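Paired with chain B in one complex and with chain C in the other, chain A is shared by the two complexes that follow.
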Partner chain A sequence: MGDEAFTDINGKAISMDCHSHSGFCREFTVSSPKVSVGKVMVYTCCVWLLAYTVFFFTQNTAVLSSAILITLVGMMFHIHFVKVDHESLLVIGSLGIQVSSCYASGRETTTFIEMSKIKDIVINEAIYMHQIIYYLCVLLKDPAEPKAVSSVVPLFQSSKPRLNCLVKVYKSCQEILSKC
Partner chain B sequence: MVLKIYFPQCCNRADSGLMVGRWIAGHDSAVVLAVIHYPFIPGQVKRYIQQIQAQSGVELSVLGSWSLPKEGQEGMESFLRDLSTIFPQERWLQINREFGKTGFTCEVLTQDQNGGTTQLEAKKKKKVVEEGDGEAGGDGAEEGEEEKVIFVHYEQKKVMLSQLHPIENGVPDPKADPPSELRQMFRMVANSQPLFFLDKYDDGPLKTTHWQSEGREGSIIVELLKQASAPLCLLISWLLSIWTCFCNIRIFSLYPLRFLSTKLSTCIQLSYRTEHMRTLSSAKPAAGHTQFMRKANILVSLLVDVALGVLLMSWLYRDNHITMLANALVPAADHIAKELDELLQWLMGAPAGLKMNRALDQVLGRFFLYHIHLWISYIHLMSPFVEGILWYGGLSACLGLTFALSLLSDMVALLTFHIYCFYVYGARLYCLKIYGLSSLWRLFRGKKWNVLRQRVDSCSYDLDQLFIGTLLFTILLFLLPTTALYYLVFTLLRLVVVLFQGVLHLSVDFMNSFPLFAVGLRIFRSFRLAEGVKFRVLCEEPGTALHLMMEINPLKYGTVVQTYRTPTYSCYPKDSWTALVKKLFVGELIYPWRHKTTKTD
Partner chain C sequence: MMENSPSPLPERAIYGFVLYLASQFGFFLYCLWAFVPEEWLHLIGLTYWPQKYWALAVPIYLLVALTISLVILFGVNMNNTAPLDSVDNITDMYAQAQGTNSCHKGGIPRLKDVSISEVNKMFYLSPQAIKSRN
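And now, the complex of A and B:
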């Protein structure tokens, strides 16, 4: 599966990669748009200009060093905890579904949901501020009632791809899920 | 249907032999626990399996055969097939691996009702997205659908030692669903400890390969500690019994002492630690994971506490720090008294430009000034003993830093007792005034509070009642600013002291309840606390089944702390902010920190 021109809900370009390891095991990876250098420079310059202005009035060098420290710490915090590089979905027939997000610093968080807990994978609509968006989600079974849905796990939350991308993923997943 | 085989990583390079393990009930999966090598005597294998079953309580069976032919070893095919007749099973797995290739091939022999065997060959099909009914390539009698096989590789040691969260204890709920496949698998591996005793270097009749096959692991320090722990536990329980007898002496049950002991945080901390020691010194080993973690957490936090306390002691008793502290204490108390003096003089004048009622002002001011004078004389009386008190009090730090902090909190409470007294006087006066005002205000409007019905009713008053009521109301109203000001000042002082004490109590509580052992385990042996698992697809070769690597997904730090927090007499604010402000406004006495007592007094 090649990369077609997918976009997320805000119109930024993202890429989707679908890798089929076996007849019943597939992996979908959606990569978010990268951090733009321009934005980083704008933020840094704002903070440093502000610090310089304060320094101009107070003549205290601690302001400048603290501004540098704040910028560094803020950047490290952003790439380690906030900025998602790519998200992937691994569907293994009759075993389960694994959802993982990889952050810009390389940190990965993974969740595995067993097949016995999964009711279905669906595309759902949601009202998100002033828009109505589509998102892919996993419906989990309620242990007490087999027909009820106990909770919903949304997928691809950071990259938020549009419907065309979601439909591809949905179709592939349903093929595997229907087999077992 | 897809067949899942959980295969231990340690057996990837094992010599050919029989696979021993278990089928998971209800799911189409098998867990391979060990490989028994050729040559063996089938009768001995069966006996060994029964012996292990009796010891561990896990049903074991022979799952199939594993073949990794070395150079020169050929023609095992028919031999392997004949094995399936010796060990009759419903399904017999034949797993082959060749040197140089990473993939396994698996053949499944199914025994149907008639006793005949059908063979389903599982091979990796062409990588196409659409899978119809795959056609069978090659020989053999294939019937019906293809059997697909997934090999899930797991690290046996890690899975054996890890604990899946949320922890499901003991008795299973009959109404709930049976435990999930992963949980069953983890439990099976964890319970198969007796299987891992013999390995291929032992002189027994059977040679097995499993995670300990390179030699049994052990640690001298751990063994020595285990040996030493039994007499240590006895000693501690004996000491505890003496201490409990001492505490139960009749003289301590007298009213004043009993009341004091519930108020002093040192006594509370002491009783709390006694409980802990009792938990630690119980003779039987911990039943279950939760018990073990609790004991370990208590032990580690106790040790860290004592270490920090000894550190504090070593700082305190060095370089005459105690003398410095003692010498600084009395001038500090003097300074505080002088400041309070000045404050009262300011209030007796015209504070912030407000005009006070002269007479009431003088009365209240002189009353409080006299109290301060008494207090200062008391401090001066005590000043020669302060150093001695500090010296002996500092010794309590050897029991732990929490004791030193509780003692500090108690000492602060004692030293600022006069502030507490002032606050109580001021609050009571103000409260009385507010109630009087509200009642007389109701009289003003011709209403009355009905105590029986707990509501406001109208009432007709006589003229003289109204006259006196109005007079009193006016007096109280014009005296209100003076009382309110004194109340405000002393409440603020009291709140400062309460805040400081609260900080001390919170830190003591934190040290008591923080699960250091669990956090340490999460950092250094993260596989022992598992939130779940994660899978990674291993690089596959075309023509082989799917291979996945199962790794343990460790628990998040927040969940670790939340799950393993030692329950304490936690110190938390009793009232919400609005209730607190309301109480302050009305003049009710506030005790903002509440201790959750484990025993009802």
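And now, the complex of A and C:
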């Protein structure tokens, strides 16, 4: 399943890759666009111009050095904690699912949910800020109470793909979930 | 027994006109108090009025409060919206307390919530959905 111009809810292009490892094991990876050098340069120039203007009026060199420090620390914080490179969903029939997100600095966070806790994987619509979006989520159940939904884990939160991408993932997941 | 309706009636026109006249007169009195110097008011004998400062302060306070309340309304609404990982987006206690089907033969089945899993199957997995998508 190659990419056919998927976009996220804001219209930015993303790419989705579906890899079928075996008959009951599939992995879906949604990648966001990388940090663009142009944007970084524009932000840096704006912050430094502002700092220079403040320095011009106050003649305090601490303003310039603190601006440089803030820019550097801010960029490091952004690529390590905020900017997500790709998110992946690995579904293994009768074992569980694994959700992982990889940040731009290489850091990876992973969560595994075992099959006995999973009720279903569905596409739900909800209000998000000023709009209503479709999002894929895992419904978890308490093994003691199999009919009630105990909690919800939304998937692909940073890339937020649109419905065409979600339907592909949903159909693929349902094939595996219905077999086990 | 007359039904309430929002259509224009002669009484409502009279109420509206009276309100309009009263509000115009009230505004005229307010402008009078705001512009007439204090000494003239003291001469007539009206001494115990609020400071002239309030003639400007009260309208400004009201306008600023109006603008801020608009912004706060947006904020409160967004704060009260359930986040994407909340169970309230999927179901609630009324839907979970529904009884299982007990339909009589040939009767109309009871109106109740369809679970999200079934809705998804209907939308995205059924052959009819596949046909309508292509």
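Criterion: the second predicted complex is superposed on the first by the 178 of 180 C-alpha atoms of A that agree within 3 Å, B and C clash if a C-alpha of one lies under 4 Å from a C-alpha of the other, contacts with A are read in each partner's own complex, and residues count from 1 in each chain.
Throughout what follows, contacts are C-beta pairs under 8 Å (C-beta built on N, C-alpha and C of every residue); 3 or more make two chains touch, one makes a residue touch a chain.
This structure is a prediction, so every number in the text was calculated from the model and none was measured.
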Once chain A from each complex is brought into register, does chain C clash with chain B or fit beside it? fit
If we overlay the two complexes on their shared chain A, which of chain B and chain C does A:T58 touch? Say first, second, both or neither. neither
Cα-centre angle that chain B and chain C span when viewed from chain A, reported as a multiple of 10 degrees: 90
Which partner does A:S105 reach: the first (chain B), the second (chain C), both, or neither? neither
Name the contact category of A:S36: first (chain B only), second (chain C only), both, or neither. neither
Touch test for A:G93: chain B only (first), chain C only (second), both, or neither? first
Distance in angstrom between the closest Cα atoms of chain C and chain B, superposition on A: 15
Please write out, lowest number first, the residues of chain A touched by both chain B and chain C across the two complexes. none
Residue positions on chain B within touch of chain A in the complex are 1-2, 4, 28, 124-125, 127-131, 134, 148, 150, 152, 176-177, 180-182, 532-535, 537, 540, 546, 548, 553
Chain A-facing residues of chain C, complex: 78, 81-82, 84-87, 89-91, 96, 116-117, 120-121, 123-125
Looking at the complex, which residues from chain A come into contact with chain C? 119-120, 122-124, 126-129, 135, 137, 139, 148-154, 157, 167, 170-171, 174
Residue numbers of chain A touching chain B in their complex, please. 20-25, 27, 90, 92-95, 98, 100, 110-112, 114, 116-117, 143, 172, 175, 179-180
